[in-house]
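Heads up, there are several structures right after this.
One chain, chain A, links the two complexes that follow: it is found with chain B in the first and with chain C in the second.
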Partner chain A sequence: MSENVKQSWSATRLPAFSQWWARSKAPTYAPDGPYLAALPALITGLLILLTLSGLVLAVYYNPSHPFASLQFIAWNVANGWLVRGFHATGTTILFGTIYLFLFRGIATRAYKAPGELAWFATVALYALLLLTAWLGQTLTGGGAAYWSLKNAAQAAGLLGGAPGAVATWFFGGPAGHGTLARLVVFHIALALLAFALLWLYRAAAKPAAPIATGAKPVAFFPYYIAQYFAAFAILALIFSVFLFFAPHFGENPLDLVAGSDLVVPTTITPPWYLVPLAAMSGLFTSPAGAIWVVVAALAVLFALPWLDRSGPRTRHGGWYRFFAVLLALDILGLSLAGAAGPSLITAILTILFTFWYFLHFLVLTPLVTALEAE
Partner chain B sequence: MRRLFAAALALGFATAGAAQADDTLSPLHFQSQGVFGSYDKAALQRGFLVYETNCAACHALNALHYRDLEGLGLTPDEVAGIAASVKLADGSPATLDSRFKDPHAKATTFGGAEPPDLSNIVNARPGGLEYIYNYLTGYVPAPDGVTLLPGRNYNLAFPGNQTAMPAPLKGNDVTYADGTAATLPQEAQDVTAFLAWTADPNLDARREIGIRAVMFLVFLSIIAIANKRKTWRETV
Partner chain C sequence: MAEMLEHAEQIAEELISETKRDFLKILTAMSGLVGLGALAWPLVSALGPDADSAAAGQMIVDVAGIPENSAIRVVWQGLPVYIRKLTKQQMADNQFVVPSALPDPADYTSRVKPGYESYVVVVGLNTGTPCELEGNAPSDPRGPFDGWLCPCDGSVYDPLGRVRGGPAPRNLAIPRFTFLNAAQIQFG
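The block that comes next holds the complex of A and B.
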């Protein structure tokens, strides 16, 4: 009883906050953390921004008249264009940080034990956000989004067995007003699931964080809070440049116009963050093949902890780092080939880049890491 | 550069005065183009006059309410006057909160071509502003050897060159209050500028806020990095 006297009323009843404050003052962090260590926090912040702006958009969104309701937001909702800009540009910046985070995880071998679970959570978050973002794009009812959804719903109808049943249930049949109404629900539910994966990442990354050795460890407050603040300010600057001066970055221009049954786009280029995987799946004519190549592309990413044959002591740099940079360039090339639209040259390049993608994970990674293992 | 400072100081929002239009026809350009461009309010007002006089009988602007015309730099009283002069389908005068009058033009009246809603036409046509301008000024007599389909008109800019709409502008269709000569190119450019505004009405606000936000965040980033370096100096 006498011990608790000094504690405040709230600390006695809700000790979580005082414990959090005590933890943030405890010197347990490495004193040389780079700015990019703030990426998970930035991703969390962007997801919160997307949730809040999405809440406002959901209030005015009407799945029966998707494009008209977005025009309504632009014309008649106070600062509606700004909220929609937060949501659209927030998605672009979120995928920018996710791709950077994935690249950093590969280049620094963050997936190695005991970081496997944190890596799985990261890849799962990436896949989940891709699906959520695609759903969000279809909700706009734009010219490309409308046909993207129509094609997906029709491809779902071609799938047989259990996958076909799940896909048909997901879309609720061919694309129509009822489909958009249920995709709104999935868009929101999957976005909330992303927070669960973020929590899993944070819980799993904590034991995997490098223990501060040698140099004197530092506390989160005030050292890392200052670093996070700087990282947030720089991200906000990049965000503002895109939001105010390139609001339609990576967006298909067809999406600026309402989708129509009478206007069929010859090619449907997805938003920029979907282009690499869409280019791979575009190599296949059957829905099953298109789905399996995307699943395989995510699976090899997922399997990195096993594909890396180096021992527990990892060396940074070397040929492995070189091939990680090459992989990033390969995915950039895949994106450019996918964005350029179908032609003989882009088809050949897409096959080459896809081949290199799988070669990197299935052959080069085991080989190089085994050779460089000590 | 001049436009950058004009936008930064919000001078671009000065209400259109009696000044005549700058020469933006040779070469053709629109003030809203470019990263720091903003709408020329005088051109938008002239363009609205052209729309109301020559286009509104067939083409709808369903995304707009009459109150939105305040975005052209008109006062609420002026907009109320414009709305009151419009007779809606039920015969009552329009108010500030009425949607723009929809003429409900039928495709059957125009040889199967339905006059499109113009709210978003600049985005809906490849080539955007330049295409709309070239289309409106592209009516010429059909060259020898070209047989026009019934009800079609020869147009240099239209894909296939045979368009259903007869030439909507001929020059001197309107009398501009600011004394600008209502030539065909001038009318076409003004109504194109107006349609650019209907497709992206928040462009001015976006760029005005954007310049301020970016300037603020540049300084905030510098201060945040300096603060981080100062905080961390004692650890290493």
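The block that comes next holds the complex of A and C.
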């Protein structure tokens, strides 16, 4: 009796919670959902971990002495090395899941109606996280990070017109004493914006989810909770392996020493998740060209719902799948060429892989989807 | 054939076994909680005091080198702390002072640690006008009780840090400390 009264008390005052609980127990899901459908939940979990570890780092981080304050965190703060490991490895695993999620979206044509908005949110999230992660890397004040920021702020000053004005506003002039302090604020603000995009994705993906048509639909609890748990457990295993055995994975070794005006690195290789786009932008010597090729690379990804000419009826064509895998290999090749550093052969390969990337989206995707359409 | 059927029945029975399922459910939830706890623990513990602050809060001072009839000044938690080694004469003079005759009554034993009665550890700030006291070196002005003297309002303290005269209302504060051995004290 008393329990009934208690339930109705909270249910009257906070109906959202009991409604959410009722929804998760309603049998509305198709029973054959794949394990990779848990990817958005994994991305959310990783973003929460990055936010919490980032908050702890922000307590001790000092933008006036970036490198020294990170050394202090690693050596003098209780478990500070582990918190920093959470943040660094969390970023690596987050981009691993984002790249897998993007590939899955392309391969399964998740971008098709009514999933366009969810796809737009995914690509926007990817772009936003790239910017946030780059800002985070510059905050370390390492040898490569220091010069990466200095060059970017300098290029911002060279840009004309509206992009130049925005870039100058963003950096507040050439990189100097106050720059890192403002970038800390942008890093945090953009990370919070990522949660808004995740919410947009979840809201837009719900109507696009496959409707349970089979004889026996299942409820989220307990059927998919168990599946999510398995997905999280596998992610935790991969996370631990990277955290304890490769804590500096994909990081420029120059970032292990403090940046200096007097030590100019010949090449600045960015963290691994930025390498494909950085390799494309490295083909251009002018800042405007370097920026526009990155914008174009993200724009063709964004435009996939229009580039796919197969019409409303989805059919998983074999050739389309083949080219999707080829695109993944192309981006892998682009990364390896970018990471190998400048030479004649990597320059040629980068041009080839960049050409294939745009060929895939602008020519092959419309052509193959039109040919394979009913 | 019959054996296989029997085996399949056994498996089916195990699958629908309620207690086994409950056990697995609890095991899964608990391992999940342990994982979350392992993730949360470093984040919580990192917000505690760092190694530098912890060491500064537990400062260790060597007192064996202090000559008789003089005091050293150390800074602990931003406060000037005076550590004074008394002479035999000063100990004898203050041993039998009647506490009720003092402005802020305190007997000898309440101002020193048992077993180390020749060391006085006090915060060297006057309790009236907050000025640092003079009288650490034997050549400093020390006032009529051979203790400390305030250069700002003229308050007088005896070698145990008890107020004896002047505007100051209270005895000098004693910081939290312990003797590790005859030669070292640790604050905090």
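Structure notes:
Rule of thumb we're sticking to: the second predicted complex is superposed on the first by the 365 of 374 C-alpha atoms of A that agree within 3 Å, B and C clash if a C-alpha of one lies under 4 Å from a C-alpha of the other, contacts with A are read in each partner's own complex, and residues count from 1 in each chain.
We adopt the following convention: a residue touches a chain if its C-beta (ideal position, glycine included) is under 8 Å from a C-beta of that chain, and two chains touch if they have at least 3 such contacts.
The model shown is predicted, which means the values in this text are computed figures rather than measured ones.
In the three-chain model built by superposing on chain A, chain B and chain C fit together without any clash. Look at A:77: by the touch rule set out above, it reaches chain C but stays clear of chain B.
When the shared chain is aligned, chain B and chain C each come close enough to touch A:236.
Legend: residue contacts after superposition of the two complexes on their common chain; A:46 is shown touching neither chain B nor chain C. After overlaying the two complexes on the shared chain, residue contacts for A:59 are found with chain C alone; chain B is out of touch. With both complexes superposed, B is the one of chain B and chain C in contact with more chain A residues.
In the superposed pair of complexes, A:86 makes contact with chain C only, with no contact to chain B. Residue contacts after overlaying the shared chain place A:245 against chain B, while chain C stays out of touching range. The gap separating chain B from chain C at its narrowest, counted between C-alpha atoms of the superposed chains, is 5 angstrom.
Note: residues 75-76, 82, 226, 229, 232-233, 236 of chain A belong to the chain B contact set and to the chain C contact set alike, using the contact criterion stated above. Chain B meets chain A in the complex at residues 35, 63-65, 68, 119-120, 123-124, 199, 201-202, 205-207, 209-211, 213-214, 217-218, 220-221, 223-225, 227-228, 231-232, 235-236.
Considering their complex, residues 49, 52-53, 56, 59-60, 72, 75-80, 82-83, 86, 226, 229, 232-233, 236 of chain A touch chain C. If you check the complex, the residues on chain A that touch chain B are 31-32, 68, 71, 74-76, 81-82, 85, 215-216, 218, 222-223, 226-227, 229-230, 232-234, 236-237, 240-241, 243-245, 247, 253, 256-258. Residues of chain C touching chain A in their complex: 28, 32, 35, 39, 41-43, 45-52.
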